[in-house]
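Can you read through this structure? Questions will come right after.
Chains here go by letter, A, B, C and D, matching the order in which they are written, and residues are numbered from 1 within each.
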Amino acid sequence: MHTVVQPREDGTVGDSQGRPPAAPTRVAVAGATGYAGQELLRLLARHPSVTITAATSSGAAAAGARRLPALSRIWNGTITPLDAGTLAREAEIVFLALPDKAAAELAPALADAGVRIIDLSGAFRLRDEAARARWYPETHRVPEGLAYGLTELDRAAIAGARMVANPGCYPTATLLAVAPIAAAGLIAAGADVIVDAKSGVSGAGKTPSERTHFSEVHGSLGAYGVFAHRHGAEIEQGVADAFGGDAAGHSVNFVPHLVPLDRGILATIYFRVAPGTTEDALGSVYERAYADATFVRLVGATLPEIKHVAHTNFCDIGWRVDASGRVVLVSVIDNLVKGASGQAVQNMNVMLGLDETTGLL
Amino acid sequence: MHTVVQPREDGTVGDSQGRPPAAPTRVAVAGATGYAGQELLRLLARHPSVTITAATSSGAAAAGARRLPALSRIWNGTITPLDAGTLAREAEIVFLALPDKAAAELAPALADAGVRIIDLSGAFRLRDEAARARWYPETHRVPEGLAYGLTELDRAAIAGARMVANPGCYPTATLLAVAPIAAAGLIAAGADVIVDAKSGVSGAGKTPSERTHFSEVHGSLGAYGVFAHRHGAEIEQGVADAFGGDAAGHSVNFVPHLVPLDRGILATIYFRVAPGTTEDALGSVYERAYADATFVRLVGATLPEIKHVAHTNFCDIGWRVDASGRVVLVSVIDNLVKGASGQAVQNMNVMLGLDETTGLL
Amino acid sequence: MHTVVQPREDGTVGDSQGRPPAAPTRVAVAGATGYAGQELLRLLARHPSVTITAATSSGAAAAGARRLPALSRIWNGTITPLDAGTLAREAEIVFLALPDKAAAELAPALADAGVRIIDLSGAFRLRDEAARARWYPETHRVPEGLAYGLTELDRAAIAGARMVANPGCYPTATLLAVAPIAAAGLIAAGADVIVDAKSGVSGAGKTPSERTHFSEVHGSLGAYGVFAHRHGAEIEQGVADAFGGDAAGHSVNFVPHLVPLDRGILATIYFRVAPGTTEDALGSVYERAYADATFVRLVGATLPEIKHVAHTNFCDIGWRVDASGRVVLVSVIDNLVKGASGQAVQNMNVMLGLDETTGLL
Amino acid sequence: MHTVVQPREDGTVGDSQGRPPAAPTRVAVAGATGYAGQELLRLLARHPSVTITAATSSGAAAAGARRLPALSRIWNGTITPLDAGTLAREAEIVFLALPDKAAAELAPALADAGVRIIDLSGAFRLRDEAARARWYPETHRVPEGLAYGLTELDRAAIAGARMVANPGCYPTATLLAVAPIAAAGLIAAGADVIVDAKSGVSGAGKTPSERTHFSEVHGSLGAYGVFAHRHGAEIEQGVADAFGGDAAGHSVNFVPHLVPLDRGILATIYFRVAPGTTEDALGSVYERAYADATFVRLVGATLPEIKHVAHTNFCDIGWRVDASGRVVLVSVIDNLVKGASGQAVQNMNVMLGLDETTGLL
């Protein structure tokens, strides 16, 4: 495993074995009882370089640890009511595992108080103002020092950021597969990119609804949000970035599906390369792009399965190309780990100058 | 298949091929958009002797058939708002697939209007007033001519009833296995009867809740309602009936579990028989009890599986006895069919003097 | 429901109520213990115009009805060892629910004996000799009077056929959605057609393998057979047919996925239409194509779900078109019913001149 | 978390932070490609005090790491063919994750070579020779220094053992709940103990069979092994031990069920206590018994769920008692972790004098 000793912001250094420095970083989780919030607590509790100083829930009052029976003896803290002042006082880094609206309101206040923020909501993911106003109208003020945080693609910006917008789960799976190929100029001129994504139900959050009712999902399967999913805009932003800022006429058609499993996303991605581009050529691009990326595993023509990445921070990518230039990419992640909480911790590691894998293997 | 030509109440007869008599019986479903209600519509739509004249939903307004995409071209009617007057006017038999409170209120009014009723709620299942007041406090008035409707055990009473209380899903699976053995005097004196029941999620109804959220059920399993489930009281009533009115010191301990499947109940039942009672002895009792019961299939030591009864009106029963007199009974049903809508149609067939299996095979 | 009284081959007529004519057609099932075979027995047992005269299994010997506990009291016959002579003697129509190789061998012999055949295997689905030699090398002789049997698209040929090659499950879901649009000339010139298909595990058959092990499928998801699935060739044949015999430069890229459910296929299909082609335009094409097709339900922009077609013979089709001419079609079927046994019975109905829906609603 | 600094056998000490001592213990896994074997590799790879020196598979030849794509970058070793000599040479402790017969043959040879052994098979779990001959006839020679290894109940014996028979998954869940209550004398005289256990499919192992076929398990549920499961004998041994060597007339009736989930066991246990024994009394017994047991979490009347222990080494125990002395215990574990590999690592920690929780939280 590659390990890089980097200076932390406070001047201390974390060492290459992941051993804690003298003073652990104080971190807090806002929205600790949702699926992403609980996963964050689980990861942070075993992280050697941090200490959890607060975990809040807007619905918690004094509900206490009984609310999180799965975490008993892993993390023994108490859930407290959401309070911006407490978070700012107790923590150097605050994770926001909140609905978009709540994050849109809380982040500027925390930023003003000098806290570094890792936001798992969508509120700050889109840079373009018009796009953000359309998809996230609840976002009114964007804090300074914000970086988009798809770790493997944005490390430098994350390292220096005051706030990181943690990517959506679908964009994470999609962009890790598409961005290097786009950046290498291998997508055929004008070719459409089609992203057929399949997600487990935990991605829909913990709030009960007819759509998340067991009997509606079990034994079923459906597409949703065609031409109208916010992650589509985020994917388009990422693809344009890979092309150097302009998608150059490439349309991205993103269609998500809900499948009867709890965790995991599999994205199947279709486009054309110039005839003559081989599977090996794609492999070489990926090898270069992810030479230092512990959490991206390249499986080539084998094609990956969700089972292999469930409960891990890995993204497994496979690819096939035929003689006529048709490409099929398959990318899988655990939506709660690499697609949310795991990547958030990975981003924290980068922000703190720690080895990126600390606490995540 | 046994077929019995019996006179219908109106003097006509249904014939042995299940062909409809000249004038089909007019039936209505109150609560048609829940899981049991939709299953009822599916069964009634293909039933040769009835015509669906109304299907209502309290949440429907004019939502119409679009609410039931699964039934399109099977039943082409329209869902209308719940209205007692309409139901009484349009139907000879009304099925109540409603919450307990709504059924407790609607049934007396319909009975007063002369309509025959098959109630799938729990509101009228308990005969004992004190028990009913405890478990179903919303039930204030019990219509005349009420029969409890576990078809195979209560045919005579059902045939002449004005209203049938369709049994609960757990009691159906349990009592079909236990009652004949109890009635035959084979349960050892004073022996406890333990009912460990496992149910799919559709039994919890369509209203979204944390308990029915896909991510809470998938990959999990839990017991609930220990010492405090209303179906426990109903099972005790049925066991006492089998003993001739008094459980004679036998305690019934019923513990339900929620398992990650949509449809189906499996009840594993434990008690002791007098040493010397054999598997064959139990088999003989069952053969006698269910000689005419098309929907009870006896599988003996093979033990039944939910898969074999899913989407059918069958109850499969298996049994094992060891040399020391320990008994294990296993009984399986589809909770939405034999445990609710299928048995309701079966009861309707009995009330109408039709072959019990009409429309159900 | 539309009902058409048509003369049967033997001169009798089935009437519009689906009541059996005097002499039911004698039918047999070869391969009766697999998933498709059992579903066939279930459907044929309740069909009013046929009688099951034989059901065979190569692995059966005298295993008898105990092998099919799910069908007890639905069909009370006995499974017998596979024997071509018996099948030819006992049945007017034989259903082959066999592996490709066994069907390839048995069908010519049965055809020689004058029996009509409905073959659920893939052995005779491809018309082009080179394609068939590549994908089905076990097929050596093709009987006379063979028709490909996607009922809604091939009714006339099926009615007069001596043998019907029942379509694959993926081609059924795909072609019912794509063929009318292709035939209407609405696919943009040269546009690629991408078929991202998701299937339940029963489509993989009953033989245990690592791929069908519960623990490999549950909580997972994966693509397979990229650029190399036999159903891809069958889909290409069907698309070419819709274009009038030549796909005219349209590439079809078919990628199947295995998802953690038992029954059902959902195909998401992507292509471009000429800009200006609207959702309504596609709707009109479908309405015309399926005006008489009871089993194709058009759900438009709502998009269909597997849950609504499970355990039925329906194919539900939805579609979306955006302003730039991108199309998303979604088509769902139950792979064991419309994708196999249900469509086989539907084809039998057409061959016998019965109402197409007899025994299937 | 309690941490105890204890001398290791080699005289070094592991410290309270779980940091590795200078020389890590060399460990090997025989049977590394099964479900338990892979889970072992995952746990051992992140364990701070050991190094994996060999991982073998009888079916492996030189298949290499590609066989374990899920473990890529977690453990980067290679699977080699099973060879007793290599195991004895390379490792101080060998884990046997093998079928019973293979373990029965390999263990004595390794023991003779001076290697310490942790055996996850059933071959050496039963002490009574007659019982062992009946249930494990493949076991011919029992190595010296063998201890049964239900960690929380057998710590002292495990610490000094040369070989540990790791308990079965069902006995682990059952005995952790029953043994303290039995040992405290709270089970009513002569009362039957009924264990209704529900298990995920991974407990059946990786070999494909009809019983583990996805389509047979999904949407289904069944009991198996009634009066005839080897874990029943192991549970009886453990209950007798708790009573001081003799079950004193208490019958234990163990019935396992297969449920549609991958990982996890839930055991519901029924018996009677002397009237007057309260829930609090049971709670006190458990509190005393598990005061030092990090991996046993007592949830009382809340009742535990599999979801809370999946992918962890915890056993959660809940209990209810009613006024008439009826008891319901519910115990849950992850069958692959606490029911197999996790407990094996826990036992290794005890054997090495490490903190019991090292590498497991």
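Quick note on the criterion: contacts are C-beta pairs under 8 Å (C-beta built on N, C-alpha and C of every residue); 3 or more make two chains touch, one makes a residue touch a chain.
Owing to the predicted nature of the structure, the values given are computational and were not obtained by experimental measurement.
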| item | value |
| --- | --- |
| Pair joined by more contacting C-beta pairs (C-D or A-D) | C-D |
| Chain whose Cα centroid lies at the greatest distance from that of subunit A | B |
| Centroid distance [mean C-alpha coordinates] between subunit C and subunit A, Å | 41 |
| Mean-CA-position distance for subunit D and subunit C (Å) | 48 |
| Gap in Å, rounded to a whole number, between the CA centres of subunit D and subunit A | 36 |
| Junction residues of subunit B - those touching two or more other chains | 216, 218-219, 260-262, 304, 307 |
| In the complex with subunit B, residue positions of subunit A that touch it | 35, 200-202, 206, 208-210, 212-219, 260-262 |
| Of subunit C, residues touching subunit B in the complex | 1, 19, 46, 69-70, 72-74, 219, 294, 297, 299, 302, 304, 307-309, 311-312, 314, 316, 361 |
| Residues on subunit A engaged by subunit C in the complex (per definition of touch) | 192, 194, 196, 198, 216, 218-224, 226-227, 251, 253, 255, 257, 259-264, 266, 268, 270, 272, 303-307, 310, 320, 322, 324, 326, 328, 330, 332 |
